[in-house]
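Below are two complexes that have subunit A in common, paired first with subunit B and then with subunit C.
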Partner chain A sequence: MKPFATVLEVGTSLNNHTGSWRTERPSYAHRLPPCNNACPAGENIQEWLSLAEQEKYEEAWREIVKNNPFPAIMGRVCYHPCENACNRVTIESPVGINSVERFLGDKAIRDKWAFDRPAAKSGKKVLVIGAGPAGLSAAYHLARLGHKVTVKESLKKAGGMLRYGIPQYRLPRKILDAEIKRIVDYGVELEVNKKVTNLAEVVESKAFDAVFLSVGAHIAKLTEFPTSPRSRVLDAVAVLRDMENREKPKLGKRVVVYGGGNTAMDVARTAKRLGAKEVTIVYRRTREKMPAHSFEIDEALQEGIKIKFLVTIKKYQNKKLTLGKMALDAKGYPQPTGKNETMETDCIVLALGQDSDLALLEKFPGLEIADGALKVDSRMMTSHAGVFAGGDMIPFERTATTGVGHGKKAARSIDAWLRKVEQPATEKHPLATAERLNKWYYAEVSENKRKLIDIAHRTKTFDEVQLGLSEAEALNESRRCLSCGNCFECDNCYGVCPDNAIRKLGAGKGFKIDYDYCKGCGLCAAECPCGCIEMTPEDI
Partner chain B sequence: MKNTQANPKGIYTISNRLGDQANRAVQASEDRPNSLTSGHRACQGCGEALGARIVVDAALRAAKGQIIVVNATGCLEVFSTPYPETAWQTAWVHSLFGNAPAVATGVAAAMEVKGRGNVRVLAQGGDGSTTDIGFGCLSGMFERNDDVLYVCYDNQAYMNTGVQRSSATPPTARTATTPPVGSEPGNVFGTGKNVPLIAMAHQIPYVATATVADVQDLEAKVFKAMSMRGARYLHVLVPCPLGWGSPPRETINLARLAVQCGLFPLFEAENGTVTRATKIRQPVPVENYLKPQRRFAHLFKGGKPVDDRLARMQEMADANISRFNLLGHEETCK
Partner chain C sequence: MLKQVEGSHAVAEAVALCRPEVICAYPITPQTHIVEGLGELVKAGHIKDCKYINVESEFAALSVAIGSSAAGARSYTATSSQGLLFMAEAVYNASGLGLPIVMTLGNRAIGAPLNIWNDHSDAMSLRDAGWIQLFAENNQEAIDLHIQAFRIAEDISCPVMVCVDGFILTHAVEQVDVPDQKQVDAYLPAFVPAVVLDPKAPASVGALVGPEAFTEVRYLDHKKQLRAFDAIDRASTAFKSVFGREAGGFIRSYHTKDAETVIVAMGSVIGTLKDMIDEKRKQGHKIGLVSICTFRPFPTAEVGAALKDAKHVIVLEKSLASGQGGVLAAHVRAGLHEAIPLTTLIAGLGGRPIPKNALSEFVEKIGIPSSDELHFLDLKQDIVDGELKKTEEERNARLRNGAARGR
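On to the complex of A and B.
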């Protein structure tokens, strides 16, 4: 039958390549999420959250341990710079990354997950001196890369400040032991009570192909003030270390802690738990200037610890402590006022910072040491080839997570150095900023917070203060991730393209732009919730 | 432990990898019909091209591919079917500017006579053919309750002939025929017609409004309309970068702002009664919607309103908000 009207072939517009209209070209990009950028251990947080939110918990854990072998430990003691950087704060509150990490770490211990098989044996031997977070992290990463690792630790047990600095109520020892055991089971040789006193000897013996130094900072900084013979002045490092002995330190009923850092909070809260009735922190500046993290100060106050601001210790004689009152000057610095006050106390614990014991380096010439810290280059190598260092003994932020990051970085440098290869330069993507998000698409969802045990329980026992999230809470928390800067296949771009110029490649494969037809309107980029589409000018 | 919510992430995107894959939006599926395919000549960021694909794809899915589309003259017809090409990948017929509803009535009657009641008829046009030129035919189609879904893609003026005013042009908007000069610059207050409300007055089975800013909502309304027989009317706001004087990338944002400020209420009505109105999720003043559009530029000088016309636009929005009860909590999170 002859058509009664003009008839056109279906879809003949495809002859018309409208892509030639384009002045701007969209493309899918990978931007660096702020959490990943902030993580001192270099975790790919967004990636493991995305696995967790799909209930792929074991895969999520495996993604964490590519960078950090201690998810259960760091899920407790890390000060989570990731959460401080999280873009979700511009919607309601940051994703509780640390609590999800702890959930995964605890589940790994419960379900006995083991690390992936290490790389083929390299035949190289590496010595790690000091079994703190940096040393153990280096040992783990070196083992993962196929090297034979020996760790020598001067103290009775491995863990460094994780064991001898962080109280049990923040890090239960069974958690610490379980994550260290996993590293030992991985083939790392751990020798405790083996203090290395002379690095020169070790290097000259040629028993090892490389050395990683991570002796930490275990010597307390002290201060001078007049005391009488029976005045008890202790240091926080020793008190916290002695907590690991069967015989606990005896501090008395009234304890004064001098200092304003996290160690001061730790030792004050420990004193309370040891039975002290009155624990007072004495600090020469104001709360705003306190180096301790705000939540630790809050938790200490909740437990009945008193803090005296703007005072210094003048003298401590016959249980009588004389404090000098300070006042802030115009520039905000504390200055003595000449006025004093007194209080009674059974002992003073100094928490004024720590130094490294670098005695083992004395007979090893040529290392650069400044302000009591060892200098390293960008590869974490000291000025002596093959000797690397990290953790609290090098000039850097002193946190456990930083140590873990140092250990990883040093391990990769040592690996490259041993194999005589250049380390590939890692490409750093531009940051996924909050301004790039299309926040319309994200509903407000409140954070699943970890609960604290009650105060009475806290002040009488060393039980862990903070409880973990349930599986349901951890799942919901991981699902709060915005996926900043990286596609999570929401189909917005595919759905909103007026020119049908985006091809969906199937689950997990993402999308492809058909530049034959894309007119460059930019709707895909504007409506991308996570800001992973870039518009760049065409060459015209 | 499986979280079976449609949106377990608390997210309003078209879909997400955690959602129920079987019930995802048509526009999210790899095998969507793409009834309006690539190579059409709509401007960059055309809201109408997007709206038409979403609507016809959903209707095709609902009718298992058995759809005849009747198109009125207008942008949609001109950019999709310049002889000898067409971007349509479905049965599609074009006649005149004013008679699409009547042609659709005829097609539906023919299908019924031939015993092919499974073939559904969808008529579509812009606001010019719907609210002005074809309005008589449309009203007739409504009052006879002919079995047609009529979709109006409203971009608030005659865009294809050079942005002339239609009876859907909002007050104060600059068009070629309502220049921003004289005592009442732009389109005057107190004119125009609200076709969704007029459609409701015909007591037809289903009337709904939607925008291209919410794909799931638009698709849901097409599916609902397609589940019914008789005359149904869907009015879709489709921003026009050319006529509105807005960057192409702002098309969806403007549709969203039109809803959030209250000037374009989203509602559904059955047999003449409103059955549901979508709550405003993030209320904004009309200024946020009007300012990015050059057609309203004459309302502002140095960022400040020049006279009380902005306040009068806000009054229109406030009247909608109160009439349709648009503030407060939505019972369910879509």
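On to the complex of A and C.
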């Protein structure tokens, strides 16, 4: 017989619903991770890192390709704004998201993973003009949504600037080819050497239900300075494009590159690999103002490329180059000093930016064009219904990843437009900021960095400079993700709840709060490592 | 077997003979040697099937004992002084849940000021916590009471605290008769718990109970304490038949038959008192002694009966209820005829010696007063008078200064 009152039936302590004492209510929030927020392609980075850290690599890859069909390419050429936004920097250094993406992309190629089956055929036909990152991304997403897609490309091969702008040592062509082939295998019709010269004709032909324009920006911006007939002045776009020909451009032993962007770095490093002994980048401002990414400048310097800051080209006669020295004024702008210096060079390569070739739009009235770029609305549609545009030809940041994002967004808009449905407004969750993290719970773990091949090798060949991570490294790297603002089932709340009011719903399903017993003490919220629990006042 | 051993080690050996299954304790002077001794015995394999659990505090020590006892293991712990206060909440829990834990209390004063020596303040502070409290007169009784304690505790499902004067007993090397295992096994049956936490028959222990049941729970606790008299009686009677010597029980009387003055006391001071009484008796004084072995439940009726013919009762006690007087004295008063004057003699606080001569002089001096009085043995009157005077002067000065500032 059980003693009176001191020994009771099981569960009798649950008779007292302490939840009635609550003045604040905890709940699991889903905050927008800063990496996701920063990704121009709109990848759900936190989600695929989470899958990767569970060694579910194929699922992780499938999560990436929901938004970006080029994990292996972007895992090399993306400037990873995600990493710049990563909250882990407040602990030691950002998660090497780009490295993990590349690992997954390479594994997908090696293991021959194919895209998910597309949606049921819509019967609609879409033309994509230009097979760069934006065009191919749009084509892929449209195909995924069930549409018949034709891509017309003016050049010999698809890829756009990925092929004709980014050197092989940054993006091996077999990787590029493999990821393009996967899109072609997906049912996208690719027509190369098919330059569309007149959009009006295409639209009037009614052969397509919608058009996506993504012709890129392949015309080099030029500048004028006195030259003599024997002075060789080239442009970076042409040099890099010609690198895809069997016969490589001949630049000479001494090369000067004019400009300070990533293209300047690419062409300078290419010149070095082509055998130039002296490669000098000439830039009118300081290193801090250089638009090129810092790591690209570093890699160029490592390879023996010299950079002259605060100089402009005055004249280039025969092989003699005269540079005008600049000085920063009080506001930090470069101003001519009137002083000159000279140097000898076999050629100058101009890397001053690019313009779009919009000739195909000339006979197509009513499109809004400003500063050489085509204007689109928030759906990526031009002022002509059914004609959409994206990538480098619209006024936006010109990166491959941005192009991929444009392609995806345009594809979804085209899909909604074709199906005559409103695109559902996507809810944007509040940002998972670093202040919300409980950093005490995270140990310092240094980044698994990708190794670079040795300098001697780099300057003589076009072999890929950056090596990939091993599986173990990629796994460790993905495990550095803090899961900012979203529950990763660490069980902390479950452990600290003094009322045992947290219910486990099983692996991957998170937790539920039993409000019959939750007193609203807030311990779970205070002790959540990733800041995903929010307290809101009860209506009392 | 007769041995010359330290009191703490004698207690450790006695506990070991009782085949405890879980021992958990946190060291505190003067109890430390007991649990060290047990630790050595467990480590050396002298106690079979026993787990010695290191804990981080006294609160944990008794909490672990509560858990192990509720799971059906014979459980033991020991503490002293502040250690007992630190585990106070668990002390109530153990009795409230009816868990037959045995705990040695190596009696020691409670600070502040910090003091590590003997008095009974610790035991008295938790006298109402629902535990049976037994006081040992000497190391032999300390051994014998521990063996009885397990039997009493398990008989009625109530924890038992065996109070052993710190240093005076715990650190004294004396000759003791340590029983052999066969005797103890014959005396102490295997533990059959009344409550067992068992995953196969789940139950809630110590869950929330509302006003509708709490009075009844407390009433039953009181009844259990009253039933403990029978259990204590059974235990001491059986003890005599198995071991051939007397130990435990409620009270013991010494030359009370014709005594006009009867001293009441408990613990190790009994020995001194007996010597003093022997001397006084030789001088023709009619003086006797009642020693209290069981303080909880308090044997009011037995004490009253033992003192009914006295003309004056002196309660010598090693604790003080500030603002009231003597704790034991108040208990004795409850059983005493109102016409008999009772003198409370506070002695031995914080380890102050209680010399025979001082006791003798006190008894001589007080004679037979007409009403109840409170005295402190060997109080340094000049010090307290000076301090009281100084305090009063300082207070007046403060008030004057305050008044001046106010203006």
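The rule we apply is simple: the second predicted complex is superposed on the first by the 528 of 540 C-alpha atoms of A that agree within 3 Å, B and C clash if a C-alpha of one lies under 4 Å from a C-alpha of the other, contacts with A are read in each partner's own complex, and residues count from 1 in each chain.
Please note the rule applied: contacts are C-beta pairs under 8 Å (C-beta built on N, C-alpha and C of every residue); 3 or more make two chains touch, one makes a residue touch a chain.
The structure presented is a predicted model; accordingly, all values stated were derived computationally and were not measured.
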*In the overlay, answer first, second, both or neither for which of subunit B and subunit C A:F4 touches.*
second
_Applying the document's definition of touch, where does A:W440 land relative to subunit B and subunit C: first, second, both, or neither?_
first
*Thinking of the overlay built on chain A, is A:E489 touched by subunit B (first), by subunit C (second), by both, or by neither?*
first
*asked:* So in the superposed three-chain picture, is A:E471 touching just subunit B, just subunit C, both, or none of them (first/second/both/neither)?
replied: first
*Give the label of whichever partner, subunit B or subunit C, reaches more residues of subunit A.*
B
*Overlap the subunit B and subunit C contact sets on subunit A and report the shared residues.*
5-6, 8-13, 15-16
*subunit C touches which residues of subunit A in the complex?*
2-13, 15-16
_Residues of subunit B defined as touching subunit A within the complex_ = 1, 3, 7-18, 21, 24-25, 27-28, 30, 34, 36-42, 44-47, 49-50, 53-54, 80-81, 83-90, 93, 212, 215, 241, 247-253, 256, 282, 333
*Okay, in this complex, where on subunit C does subunit A touch?*
96-98, 157, 194-195, 202-209, 213-214, 216-217, 220
*In their shared complex, at which residues does subunit A touch subunit B?*
5-6, 8-18, 21, 53-55, 440-445, 471-472, 475-476, 479-480, 488-492, 494-501, 504, 506-507, 514, 516-517, 519-523, 525-527, 529
